[in-house]
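The structures come next, written out as structure tokens.
Look for chain A in each of the two complexes below; its partner is chain B in the first and chain C in the second.
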Partner chain A sequence: MERYGSIFLFLLLWVVVSYAGIVSDDIIPSISQVGSYLYRGAVSGIIFSHIIASLGRSLSGFLASLLLGIPLGILMARVQFLDRLTSPLMATTYPIPKVALLPLFILWLGIGFKSKFCLVIIGCIYPIIMNTYQGVKMVDKFWIWSAQSMGATKWRLITRVVFPATLPYIFVGVRISLAISFLILFGVEMIGTRHGLGFLIINAMEEHRPDIIFAAAFCIASLGFSFDRLLLFVRMKLLLWRKEEFTTT
Partner chain B sequence: MLSKSFRQICSWASENYSIVLIIVMWETVTRLSSIPSFFLPPFSSILMKLYEMLANGQLLPHIGISLYRAFGGFFMGLIVGVPAGFLMGRYRFFEAFFDPIIAFGYPMPKIAFMPIFMYWLGIGHLSKVFTIFLGTFFPILINTYYGVKSVDYLLIWAALGMGATPRTIFRRVTIPGAMPYIFVGLNVSMGVSLLLVFFAEMIGAESGLGWLIIWGSNQFDTELVFAGILVISFLGVFMNRIMTAIQNQVLEWNK
Partner chain C sequence: MPKIEIQNLSKIFKGRRNQENILALHAVNLRIEEGEFVSLLGPSGCGKSTLLYIIAGFIAPSEGQVLKDNKPITAPGPDRGVVFQEFALFPWMTVSENIKFGLKAQNVPTEKQETIVDKYIEMMHLTHFRKAYIYELSGGMKQRVAIARTLAYEPDIILMDEPLGALDAQTRELLQEEILQIWERTQKTILFVTHSIDESIFLSTKIIIMSARPGTIKEVMNIRELFDREKKTKSNPKFIQFRDHIWNIIKDEVIKAQMGEFQGE
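Now for the complex of A and B:
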């Protein structure tokens, strides 16, 4: 209770402001309006269908960028030729805000699932590749040498030494990517879809329903929060052998 | 003079040969094949479009507006985030106050709140600036906090032992000690502010580079879209360079 004091303070302020009539319901809806919309949406299942549509898009892109990004990062750091080929490309394209590519993706891949999927991948893959790459470069040379002198094959070297040693760095990138996948997704849904939480918000804005806007924003915030926590939990389980990675934040 | 700069260009091109290769391939493929130009225009015609728009003054106001919004939010985040981070690092009370706010607020996609701000503040500059403020505030706050927390205790004890007052310690030890971390936060926030400004302009604006790109794509003017993306990419790289330069100046002692 005490740890979340400021959240309770915030909620209290909201209740006081909306019930005391300081600000009208059109600007800040009361907590009961938002709550009743959420309740009705949950009972009829509308909210869940939007949540599932959004999560399906963002998580599929996020997972695909994990599957592509980690091997790519390791390869780039270990193979000299690839490093020379891709490093300048990565360095010049990394600071580009990837959302700007959305109109192109819509033009090339249509307005459906594919364009959103690819945009989420493009947005997520950079932090994963960059952090994996840096992690591999930081792996202690003595570990690699001793594994090689004990006769480890290239595959075993990567799976048993390089990958575990890089894992803490990979998680830094993964956490950034998870946040980016949600950011890109909800934004994209605001621009061109008929489903998902982002669409719900934009649609509610056009219909002047602040309670729906708040309810959808609440869903988005709690999704972001819970997936971030889930990731931290997975990291803690996977990195048990690294004492200094134990912290939760 | 000419040969020197030519040699510089050549050495850059040989180092970054993959970029040159892609541009050459792009140009030849689009010129030789029958790909319609609204699908993928040749690289040279994008550059022509860019030059044309710069020359007739169509582009600069949009760049100005986007940068104005991005920097407005960024500086608001800086002005609020850094002091809040110091307070959090110094006082238990503020640490307990901001900790849950960070836990909920940091992983939240800020763009989802733009419609609320548009609802409250209108579709002008203010709603975008406020969204960007929220997006830049958290990385700056968290990194400042980590910076203050990670100042070496030995340094503080040494300063105490030499008879420094808390004020002096704060000014001479804590602030410089936290600086490298603050700059990490500022670097991240700079990228976030550019990302959010273009995003916000795509969703609801009448001006700015993000709006220009969306407008171009609605007109099937793909050259305009690519020209806008080039400008945005250039701004991203340029801001990144500027931040690194400032960082190197300020943190010269830390190398």
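Now for the complex of A and C:
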């Protein structure tokens, strides 16, 4: 599999750099340091508690953002009144880095799970709404006309025509949101967390342990990658009516 | 009582920003009797598709009204089936699911749905393609599915907007014959928009010739009377005679329409 060749190359480079002593292992830890930390973490089970804590936050927020964002995107695109009300709001708030809202959320919702869950939702929901909205707007008017002329109710029109027609566009947003749900972990776990991969990194920064940073980053990357592949698999199954060949990038 | 009656219909499309309003249709009066096969023939941009969409209920008229069975048309509905030039099939559904859509929308019981789908799959020669997705089909097959989908829920009238326009010449010839057979078999009232003089003579009982924009009715030719019982083959001298006659009527309008386009309308 040539696609993954570049990863091996990267690993090779890393091994060479650390063993040749080109950079001190305070700055770039050697592969064995990172490996041994991961091994110890796995054996003792500690690393899993961090993984589960992070996954819990990112996936729950991600899924909630789908459940809220997709219907919202569809409604905004089809109900003119709602569109005019919310579109300017979305456009102006979109550039705000959502992580900056964390202190506010902690103030409102306390330092526990709720505030972080909401922050992940806010971070993930924008691409979902915007891509779903775009997708609905781009649904071929002749499909809508066909369905209407065949006597479809509004409900049937939305669920059997608009929604499937929009799915390819929805997936674009979903994929971005999934990535965000992992990226946002770092910011989300800055305050008031004792478990999590983001927390590990922040903690490791203070304790000068670059091997832990690498180890945690590696975990986040692997998890993100695996879930992304899973998403692509789901997409392929749901969109097999499209004639495009799926290139997994 | 005519099946469809159009009274003094006009349609104006509002221009965007700096563009002028477009008068698409002007003072159109028209009658379609039950069981007729009526062709709407005219140059590009004359408003024939717009007229069809108004009858279908997708667009509202600016002036005048459209009556069906003496009742005004205000919205699309299953009493008026539409077949589009670009098929408008649902690509996320198989052939049989597409055909079933109208039946499901009408809450036809499930067992009956299958029987009806069987019937039209056979009628439109789609037997091996029941479970195929739309992207797997050729243009001709797609149009057959589109026609089957509309026939399945048995609308009173079938409106066709240049249904054969996107097909190659050979498939077009074939489908013309199939459509004629379907009409003879089902006795439906059909309104058929087309550019092709040959097609309109071949298929219709009546041809309505439209002028260039703003579209009005230029002439109505009763083909059924003109041909009497003779066979309407394209080599029949009468056929050729009428084609020339219609072309002479329409030629000026076609030129007018082209000039309009040239001037950047």
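The rule is simple: the second predicted complex is superposed on the first by the 243 of 249 C-alpha atoms of A that agree within 3 Å, B and C clash if a C-alpha of one lies under 4 Å from a C-alpha of the other, contacts with A are read in each partner's own complex, and residues count from 1 in each chain.
Criterion: a residue touches a chain if its C-beta (ideal position, glycine included) is under 8 Å from a C-beta of that chain, and two chains touch if they have at least 3 such contacts.
Only a predicted model underlies this, so the values are computations on that prediction, with no experimental measurement involved.
In the superposed model, A:Leu230 makes contact with neither chain B nor chain C. After overlaying the two complexes on the shared chain, residue contacts for A:Leu67 are found with neither chain B nor chain C. Of the two partner chains placed by superposition, only chain B is touched by A:Ile213; chain C is not.
Using the contact criterion defined above for the overlaid structures, shared-chain residue A:Ala165 touches chain C, although it does not reach chain B.
Contacts of A:Ile46 after superposition on the shared chain: neither chain B nor chain C is touched.
In the superposed model, A:Leu104 lies in contact with chain B only, and not with chain C. When chain B and chain C are set side by side, the one touching more residues of chain A is B. Shared-chain residue A:Leu12: touches no atom of chain B or chain C.
In the superposed pair of complexes, A:Thr92 makes contact with chain B only, with no contact to chain C. Once the two complexes are overlaid on the shared chain, A:Asp140 sits against chain C while remaining clear of chain B. On the chain C side of its complex with chain A, the touching residues are 56-58, 75-78, 80-82, 84, 86, 88, 90-93, 101-102, 104-106, 133-136, 149, 153. Against chain A, the residues of chain B that register as touching in their complex are 15-16, 18-19, 22, 38-39, 96-104, 106-113, 115-116, 118-120, 191, 194-195, 198-199, 202-203, 209-210, 213-214, 216-217, 222, 225-226, 228-229, 232-233, 236-237, 239-240. Touching chain C in their complex are the following residues of chain A: 140, 142-143, 145-153, 156, 160-161, 164-165, 167, 240-243. On the chain A side of its complex with chain B, the touching residues are 2-7, 10, 27, 85-86, 88-89, 92-93, 95-104, 106-108, 178-179, 182-183, 185-187, 190-191, 197-198, 201-202, 204-205, 210, 213-214, 216-217, 220-221, 224-225, 227-228, 249.
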